[in-house]
Amino acid sequence: MRTADPTNGNLAGNEQSETSARRAIIGGGVVGVVVVLAVFGAAMVPYDANLPDFDHLLAAPSLAHPLGTDDLGRDVLSRLIVGAQASVWVGFIAVLTATVVGTTAGIVAAWLGGAVDAVIIAAVNIVLAFPGLLLALSLTVVLGPGLGVVAASQAIVNLPLIVRTARGRALLIRQMPYVEARRALGFSEFNIMRRTILPNSLAPVIVQASLIFANSVIAESYLSFLGLGVQPPTPTWGTMLRGSIGFLDRAPWIATFAGLSIFLTVLGFNLIGDALHDSLQERDI
Amino acid sequence: MTIAAVYRSAAVAAALIWSTSTFAAPPDPDTLIVGIASDPVTLDPGLMASYFEVAVQFNVHEALVSQRPDLSLEPGLASYECPDPTTYDFKLRPGLTFHDGTPIDAAAAKFNLDRLLDPATGSPRRPELEPIDSVTVTGPLTFEVKLKHPFAPLLQILALRAGMLISPTALKALGPDFAAHAVGAGPYKVVSWTKNSELVLERFDGYWRGPAPIKRIVFRPMPDETVRLMNLRSGALQLVDSVPAQSLSNVTGDPTLALKQTSGLGFNAFSFNTTRPPFSDRDVRRAFTLAVDRSVIQHAVYFDTATIAYGAIPPGAAWAYDPAFAPLKTDLPAARALLAKTGLALPIAVSLTVTNDLAQVRAAEILQAQAARAGFKVDIQRTDLTSLITLLKRRTFDLAISPWSGRSDPDGNLFGFFTRSGSANFSGYSSPSVDDLLQKGRTALDLTTRARLYRQAEAEIAEDAPVLFLAFPAMLQAADASLDWIQYPDGALHLGFARYK
Amino acid sequence: MMVRWLVRRVLAIVPTLFGVSIIGFFLMRQVPGDPATALLGFEASSDAVSALQARLHVDQSWPVQYFAWIASLLQGDFGRSLQTGRPVGEMLAQSFAPTALLAVSALGVSLAFAIPAGVVAATHPRSAADRLLTLIGIVAQSMPAFWLGVLLILGLSVGLHILPSSGYISPVVSLWGCAMHLISPMLTLAAGLAAANMRTVRSAVRQVLSADFMRTAKAKGLSRAAIVWHHGLGNAAMPIVTVISLQFGQLLSGVVVAETLFDWPGIGKLVVEAVFARDYPVVEAVVLCTAAVFVAIGLATDALYAAVDPRVRLP
């Protein structure tokens, strides 16, 4: 059975998987570099990312500082490397929370149906209708700025997507002959849910997860832009980008490189998401 | 390097396109478009509480007393006499009306002052008018203000928001809508106000100094300082507020623009919370202060445009300011020795709260780095302005920014911050001797005595270090070179005097 | 049948909006500080703050405030801004036009690019054009909107001086001025939309082209262009409409950023300022109105589906 997905093309399978594989490799490569920087970056930076150098404010890129320095004389390259940590952390927590909570809620809604389903759907509709950035903004003002709040707000904002995806998938699988067969064989409902429905619902959720990761990286920069990112001096790409705006005419390199870091990371996740999506289409159920 | 070069060469190549670009219409001689940092919150002078209205207020409203650019006073809507230290007699100019035609008489003046004094109005002006005992109408155009005790800053205060008269009939007719349509007696009247977009004013022909030279003024709020300056350079604006210090060279290098710079009245400072550890210990506060090198802030935050501050009296108040005053100058060994003396375990963890303003965050990061050298571990907390005010008032902070826009009289920079019941005493500072000096400063009437009292108070405060003073930011404003206008040290725009050359 | 379906769907909106209004209301009340403190600033004495709190009625208990607000809302009154004292309805109306102009023009521009590009990519699969457009699509989608905005300011305003860097001019005042000010924020917003829309158009058209009736059409001797135009796009319209309707939420977040960056006096800028000023009625009104618009668009899309295909009329 093929799902009615609008992005389902009619390309020959092997050609498509070739493209998917290439995208997955490029995307995976970019994401791999970012993750490595996030984990080991702090140990390999040329300068202390938070140490001001008041004799070299806004220095242009040079051999000593390949990407220049910022308004406090800190090395932009070092700050970008350390900044990978924040982006990866926010994305990771947001994805983990949204997928775990969302998949559970979605499957439970599909499985139990009735009142539980109605309540979960109503909650999803409310979150969906609530302006996302505003939710993040108010949460930040309530709880105080920080990476945790950014991650939490991203988890909440993206929750409806996961719940809907998981629920739709679970509803579909529920009616599959092999599920009926298992039921006939006397497997418990919980067992069927855990062994059959959960693994089969996960694939489309994983595609969404890569998009959530990308969204979270962007959201961190949005919130920083509104002045609500993480606490200084911790470098994040979003706060660096925002801080650079007052110096666009004097030191355009800060905005350029900080934006480029965000862009490449998001691009990496989007490529992976695309590739996963395509290969999923082929495999189907 | 390379990227900067690309942008630069692109700019040069585009100079031709710029000169023929059509979006920047040639300046209209009847219109002055002003870029301001933020939209005013309200146009009702009795309810104005933020710095955002300073650019607008003197154009719509006129005060009883008028302030010259050198901060000296002259009669405004009224002339005044002070027969004894607790009595002021005011005489309004005859034949004047508000923008709506309501006559400006003694009854209207009394109505205005009584309104601000009434707790039900909730006016932020009430604390500064608190010494007023009564306002009595003594004739059609004359009234008497009786004080509870002598109060030297009264006339200075009546030259600002507290002395601005609004039309009582308009207030009654408009009710809560008055805040958006203010009817005053200033050189311009309000035509329209679109929130966050533009405030349009038109010349008021009945203004007491005579009609203003420029017919129409448009205020456009543009929060981003870089953007504001860009619009001035492109010709979309003729005057801008708060030029970013890091971009001064852009203005001075452009012959079509003219920069005006004066030392302001306000200060940038951080309050220590003296009511809880570790800053309840005077030595810890002094150690932190000694660790700070203000010249770095002056350079990296203000790009050498500000004046370094050690106290609250600004250079603008020339009669009281002491340029040689510099207690607790940077001394790292002394700071470390003081901390060692306290016996506290190092590093001492403290929080430092600022708003999201980029210059404030930069200052915070510098303080963090400098204090670390003496043995402090500073955790920077960013928050929004309302949260900051709330936290300052509840005293739930260790060290928090508490900037002040400044007043022309030193009393306005000291009394609220350092007397025990002061409304801006966020640090919880308590010194009977300073209270006494500041109280005397209010009642003493000659400037030499007052200057001596304020300097002594400032010296005593510095020893206790309840507030870390960093800088008196300069007032930086820029205009089209064809505009002739007057700059005031408080940054207020008095555009009734502006004209095109 | 259709009418009953519609009535049921409209009624189902009520609990959603109710939930949104409650969350919006109580979330704002959790924010530290209150409107009186925000209004009176640093120097205000505590009795001045409490006097103003009383005047603004923010000293009452939350449920009392909430029901008072709902009650006046049901009479069509959004109340007055605590900050400026203006009627909230009037402030919303004033901010709505710039936002609508920005959002609709961005959507329009994105479609003007996405439809032809998507059709070309779909009708020439695996061609150089397809690969290039796909690449452009994924790049545009990965571009953080405000970085694009910053780059536009750097290039077009700071560098080339050909566009104003910010601000808004009403089209009533000057159509040309309005258009010049619109370009940068519109492009900032349109890039991501164009990418997403192009991908949708491409896959939708491609799927339709592979359907059986297309082969029939081809057999009938219709030209390729006619087939794509009449059958391809026509049948691909529904998935495209769906994706656009789902973009509304994303559009709103983008609008907040574009408006802040370009000083565009719309709903996004209004609400961000209102959050910082603790201007409860304004925040609540914006939350409720955007949620209502979001739900209404969803409903309109479903209704369109239902009108086209009665089988969709399920709960």
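Order as written gives the chain letters A, B and C; numbering starts at 1 within each chain.
We take it that a residue touches a chain if its C-beta (ideal position, glycine included) is under 8 Å from a C-beta of that chain, and two chains touch if they have at least 3 such contacts.
Predicted model, so just to flag it, every value in this text is computed and none were measured.
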item: Per Cα centroids, the chain farthest from chain B; value: A
item: Centre-most chain [mean C-alpha coordinates]; value: C
item: For chain A paired with chain C, centre-to-centre distance based on mean C-alpha positions, whole Å; value: 22
item: Gap in Å, rounded to a whole number, between the CA centres of chain B and chain A; value: 44
item: Intercentroid distance (Cα basis), chain C paired with chain B, Å; value: 38
item: Sites on chain B at which at least two other chains make contact; value: 7, 224, 384, 387
item: Contacts with 2+ other chains: residues of chain C; value: 31-32, 153-154, 158, 276
item: Where chain A touches two or more other chains, by residue; value: 141, 226, 245, 248-249, 252
item: Touch list for chain B against partner chain C, complex; value: 7, 10-11, 14-15, 17-18, 21-25, 41-42, 47, 49-50, 119-124, 126-127, 176-180, 194-197, 220-224, 227, 230-231, 234, 236, 384-387, 389-393, 402, 404, 416, 423-424
item: Contact set on chain A toward chain B in their complex; value: 51-52, 54, 57, 60-62, 71-73, 141, 144-145, 226-228, 231-233, 242-243, 245-253, 256
item: Complex interface listing, chain B residues touching chain A; value: 1-4, 7, 224-226, 244, 246-247, 250, 296, 299-300, 355-356, 358, 361-362, 364-366, 368-369, 379-384, 387
item: Interfacial residue positions of chain A with respect to chain C in the complex; value: 6-11, 15, 122-123, 125-126, 128-135, 137-139, 141-142, 214, 218, 221-222, 225-226, 241, 245, 248-249, 252, 255, 259, 262-264, 266-267, 270-271, 274
item: Chain C to chain A touching residues, read off their complex; value: 15-17, 19-20, 23-24, 27-28, 30-32, 125-126, 138-139, 141-147, 150-151, 153-154, 158, 199-200, 203-204, 206-207, 210, 239, 243, 249, 252-253, 256-257, 260-261, 271-272, 275-276, 283, 286-287, 290-291, 294-295
